[in-house]
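Each in structure tokens, the structures are laid out below.
Both complexes below contain chain A, partnered by chain B and then by chain C.
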Partner chain A sequence: MSGSTEVTVVQEKGRYALTFGLLAIVTLIVLVANVCLGSVMIPIWEVIGSFLGRGEVDPVISGIVFDFRFPRALTALLGGAALAASGLMMQTVFRNPLADPFVLGVNSGASLGVAVVLLLLAPSGVALTQNLQLSGHLLVVLAATGGAAAVLAVLLVLAQRVDVMSLLILGLMISYGIGSMVSILMFYSMAERLQSFFSWSFGNFGNTTWSQFRVFAPVILLGLGGLFPLFKILDAFLLGERYAKSMGVRVKSARIMILGSASLLAGVVTGFCGPIGFLGIAAPHLCRFLFRTAEHRILVPASMLVGGLVALVADLIAKAPGLESTLPLNAVTALMGAPVIMVALLKQRNLKKVFG
Partner chain B sequence: MGEGNTILETSRLKIGYSSRKRKESVVAENLSLSLRSGELVCLLGPNGAGKSTLIRSLAGLEEPLGGLIKLNGRDIRLMSPKEKARLTSVVLTDPAPVGMFTAYSLVALGRHPHTRWTGSLREEDRERIDWALQVVGVEELATRQVGELSDGERQKVMIARALAQEASILILDEPTAFVDLPRRVELMRILGDLAGGVGIAVLLSSHDLELSLRCADKLWIMNSVGEIEVGAPEDLALGGKIASVFASDKIDWDGEQGGFRLRRETARFARVEGDGDVGLWTRRALTRMGYVIRSDGDESVSISFEKRDGHVVWNVTFAEGEKRFRSLDALCAWVREHLVDEAALMDSQK
Partner chain C sequence: MNRMMANGWNRNRDWFQVGQIWNLSIVTVFILSLPCGIAEADRAPVLYANNFSIEKYDTHTLLTVRNPWRGAENLSFEYALVSKKSPVPDLPVEVQVVRTPVERMSVLETVYLGHVQALNLYDQLAGMPHLNYTNDQRALRQVENGYTKEIQTGNSLNIESLLMLKSDLIFTSAMGNPQIDAHPQLQRAKQPVVVTAGYMEEHPLGRSEWIKFTAVFFDKENEATEIFDRISSEYNRLANMVKRTGNRPTVVANAPFGGVWYVAGGRSYMAQAIADAGGDYVFSDDRSFGGVPKDFESVYFRAGSADFWLNPGPSRSLSSLLELDERFNRFKAFGKGGVFNNTLRVNAYGGNDIWERGTLHPEEVLADLIAIMHPKLLPKHEFVYYERLD
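Presenting the complex of A and B:
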């Protein structure tokens, strides 16, 4: 019997490796496409040329590749990975297939933080231009992360007292409540302040310059790297907190650690790129569908990869290559994410299987 | 099974719930219980007696309100979660929605307190997992997805998971609740063999009194006010403890049959001649109709049967005469119509 088990284990490993390999190749292709395509089409050899530093490439083109396209594509890759991983952790801890930062109000917390900075504090002296400087932008990032963390803390306290379904509804209510506070702030704000808040709230991976990316990338990588020791605990959480406790997990501190990293990741991405919905729900479901497992040692890296891939594709569509204008990123992710969830629900019915 | 070591011991244990605002609600107190290795203990009690609370408190999943729980002589409050997990494993009633796990990976989760932070399985972990799958008899399910398993199969896989945890105590809350009768007997058999064979202590709560009476080495019978009687099932039955906890105005404990029967207001007596399976089921049918089976001449109806050409014919003798039936259904229908109404009429006239 153990022989046949081993054969299947080997087969599974092969299947996982193959899927990972294919995903990585597709991601790489989309990454290159993302750099090449945009309002200006840049042929691939010129992209490669500007990397290798060959003389023939127009300095304007290599400037676009280096200063705009490349940081944007990398931000999409990392941001997508972070949102997907964050969504997966929320789904596991809350044992709810629809949990993601957006649904549980963490994103609205970030919005409120940013709204306070951009709409309320800005008139009283925070330097604010259309292109925020590093310090100004960092303030937005801190506000978003702080807002997200505050909502998450409230949810964690509530999570100890109510069941999961109530928690979801409470999260929605918090979301509405905070949303209306943001509305009130907007109602009393000046038009030009509103403009900068609006452009933040549509979501955009293209706001990060290299100097901001130098802050963004390490924080995200640190947050993502910090998930690897949590795989085992996340698996135990799938069985429910009582079982997790019975297997020696320090449930309360684990929950705080997991949701803390989830809020850090979601909050930082939201701060730099605006609130980007649906990625956090869709990418983990897509991975469950592709890998047919709920084990986190597979699912977390897979979600990161797929999240990055979906973000790159969404960004590519949002840039609307060949057209004059661009699309709001948030609308694109929703248009891509909603059908994925619907198909996953209808075809697999695996949400029931995963979450009872 | 012999005298095993005492693994779990409680003294003056007080269990229940407390919340900041309200006063603590005590489910049971002053409990002094112990579990020995090699023992299968069934915790019985009416609904709402607090069986699950006791199970969860002993498993270290709920804080006791007072008193002491000792594992291997050590206060569990002084143990790390990991240490506790190496001594106690559980199977709960909580739904375990891990549909997209294979049975093997689910059982492998049981190795949690033994693996390093990466969760990677070493040779000894794999051996223990294979052993757990085999003991419970689910090797062939190893590669199946848990979501595709039946309730009984999933319950076995959950037990295998608990066994993979390599603890000295296995605590199960209602393990047979959603499982059909043959599977229930099989599960109890597996658990009994585990206790006797591997030498772990098995504690399970159950509603299945008759099965527990047959399988358990020891019963803990919890009454509705949280007092617990401990003893061998046979001693408790003989001492009338089972009757006193479970019997109600609707149900009687039948000390001779070792089971319960519905109590009827009117006492009617019937006599059944003949033994074997036909005799057994005929008696059952009459008991269901509210008759008490007797043979002291006081009976109002007497039934005999004979087998003819492979089928059974029942012969009913009553005050006014005799009648033949070819099925118990027909017999019962006739008895219901002619004899029971009559008896009820007589009762009401009294």
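Presenting the complex of A and C:
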């Protein structure tokens, strides 16, 4: 009896390791493909040459590889990982398979921040932003992150007073409220300003330059690293807050910590790359399907890996290699991901078991 | 390495000559129609504009506006201008009647203010929009002292307050989008709304020639013809001067936002202006009229070594461009003072006079562009709209 259990445990361990290994290899291949492929066709030896810094490569080519494609691919990898991990935590805390990184309204907070900068301030005060020595993309990043943080702060204060289900609805209501403020701003804006707001809302990994990446990467890595001590608590949450309490988890503070870090990850990605939808809800489901487990010590790292992979693939398609044009990233993530998730769910049919 | 940098060289259409051919063909039609005596219409010459025509009848003047928005090549609007002194003749129902001379005009875009200034129509200006974006100081003073009323447009178009102005002419242009366009609502309200299509003209002089269209409503055709003749002969003089120089520097335009670079299409107004000013637009092989979304890296690939970079968004200095994206300093034009923006006459709210005065005066824009690309041809030129960013 006990022998066979041991065998299954060993088998499972082997299966997990194999799946992780395969995923890592595929992710690496897609990462390399993202650097090699793009609108401009660059022969592979010139790509390698740009990295080795050999003299004979055209500086325009090495610029494209090193300053455009490489930071973009790394941003996609980290951003995808952050959104997926954040989505997983939200699904667990709210015990709701529909939850995504933005359930608490951090993306609407971010879009209000950006709308204020792009639609309200930009027309009336070109001078204002110039005096602050703060303009362009950095200002957009700060506005989005600030907006997300403001909404998050409000919700975390509320989180101490109400239970999770009320919190979910409160988040939804705040999203609606902020969304309508954004629509009022849009209503009174001229077409070309709306255009810039729309391009932000399509999402894009290609805006992060190296100097921004130096801020983006440490924040994301720190946030992701902070999740690793939380596996047990997350497992307990999945069984319900009452159960978690009986396991000795200090539910309120744990909930606030998890929600806070998940929203922070989502908010930072939204700040730098725009509101990238779908990834955060899809990647955890894909992982549950691939690994057939609800354990967070597997699901958290798996979601990061799958999130990064999906983001890289989506960005590769959005770049439309070989064509000069591009596709909106948000459309690609959903178009590509929705069928995958549908197939996974149809094959799995046991989500109710996971979420009770 | 052949990087297709100069792939526009074979397609730089010579618009000056195209204009001349139009000129000839219209005059020919005009001459041919006379002896036949088909119509008692007297067709006023339109040389560069494709989207309107003026026909004089004994009882009225018929204005036809064609191609009013993208994708509406076969759509046209007809306006019969009837003097207030004479009775309205029998006309087909689709022809809208406007009584002239107009005494109270409302405009729904600032672009018409260029005509107001050139033809001195300030006394007739009853309503105007977008005060923040307006550069015409005299019009703004009229709003301040209450002579001219502000009009809310776009989403917040308020039909009732527009009705209160009792305009006998309302100028607007349309996008073919019933959500945005004002003219269907105004037509329902029985307002004398006239849809113009100047922005759909491909040639800068075509857009400018619309002053003749405006002038008919105020019986000022002769003035308009005089103004336009001055503009077009100056434009053609400048374009001819450039034609003799062999050197054609490469040019890129616009700036990316959100990682996507909307470049002006190869057949756009901007591409036209660059070609006329003796520049080689890097996307001149493109076949579209409007903006085309391109990946940043592909624009950098084509335009990284372009000599000049025009209209990089709202930025007025190189440092604010760098804050937008530090990779801009990889462009050759960036390093050697080749970045120019049309922001010299921009007011505090971002309203740019190049869209007010500049659409009527393409010769001023052309002179600026020539002075940028061929400074030796116009050594004493003072910039009107453009400035070098540094």
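Quick note on the criterion: the second predicted complex is superposed on the first by the 300 of 356 C-alpha atoms of A that agree within 3 Å, B and C clash if a C-alpha of one lies under 4 Å from a C-alpha of the other, contacts with A are read in each partner's own complex, and residues count from 1 in each chain.
In this section, a contact is a pair of C-beta atoms (placed from the backbone, for glycine too) under 8 Å apart; a residue touches a chain by one contact, two chains touch by 3 or more.
The shown structure was predicted, so the numbers you read here are calculated from the model rather than taken from an experiment.
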First (chain B), second (chain C), both or neither touched by A:247: first
Partner chain in contact with A:204 - chain B first, chain C second, else both or neither: second
Partner chain(s) touched by A:324 [first = chain B, second = chain C, both, neither]: second
Which superposed partner A:229 touches (first chain B, second chain C, both, neither): first
Chain C - residues contacting chain A, complex: 1, 3, 132-133, 154-156, 257-260, 262, 292-298, 300-301, 304-305, 314, 316-317, 320-327, 330, 348-350
Residues on chain B engaged by chain A in the complex (per definition of touch): 56, 59-61, 80-86, 88-90, 92, 94-102, 104-105, 109-110, 112-113, 115, 117-119, 126, 130, 133-134, 139-140, 142-143, 145, 147, 165
Touching residues on chain A, where the partner in the complex is chain C: 38-40, 58, 60, 63-64, 67-69, 122-124, 126-127, 130, 134-139, 187-188, 190, 195-196, 199-200, 202, 204-207, 209-211, 274, 319-320, 324-326
Chain A - residues contacting chain B, complex: 1-2, 4-5, 8-9, 95, 229, 231-232, 235-236, 238-240, 242-243, 245-250, 288, 292-295, 297, 350, 352-356
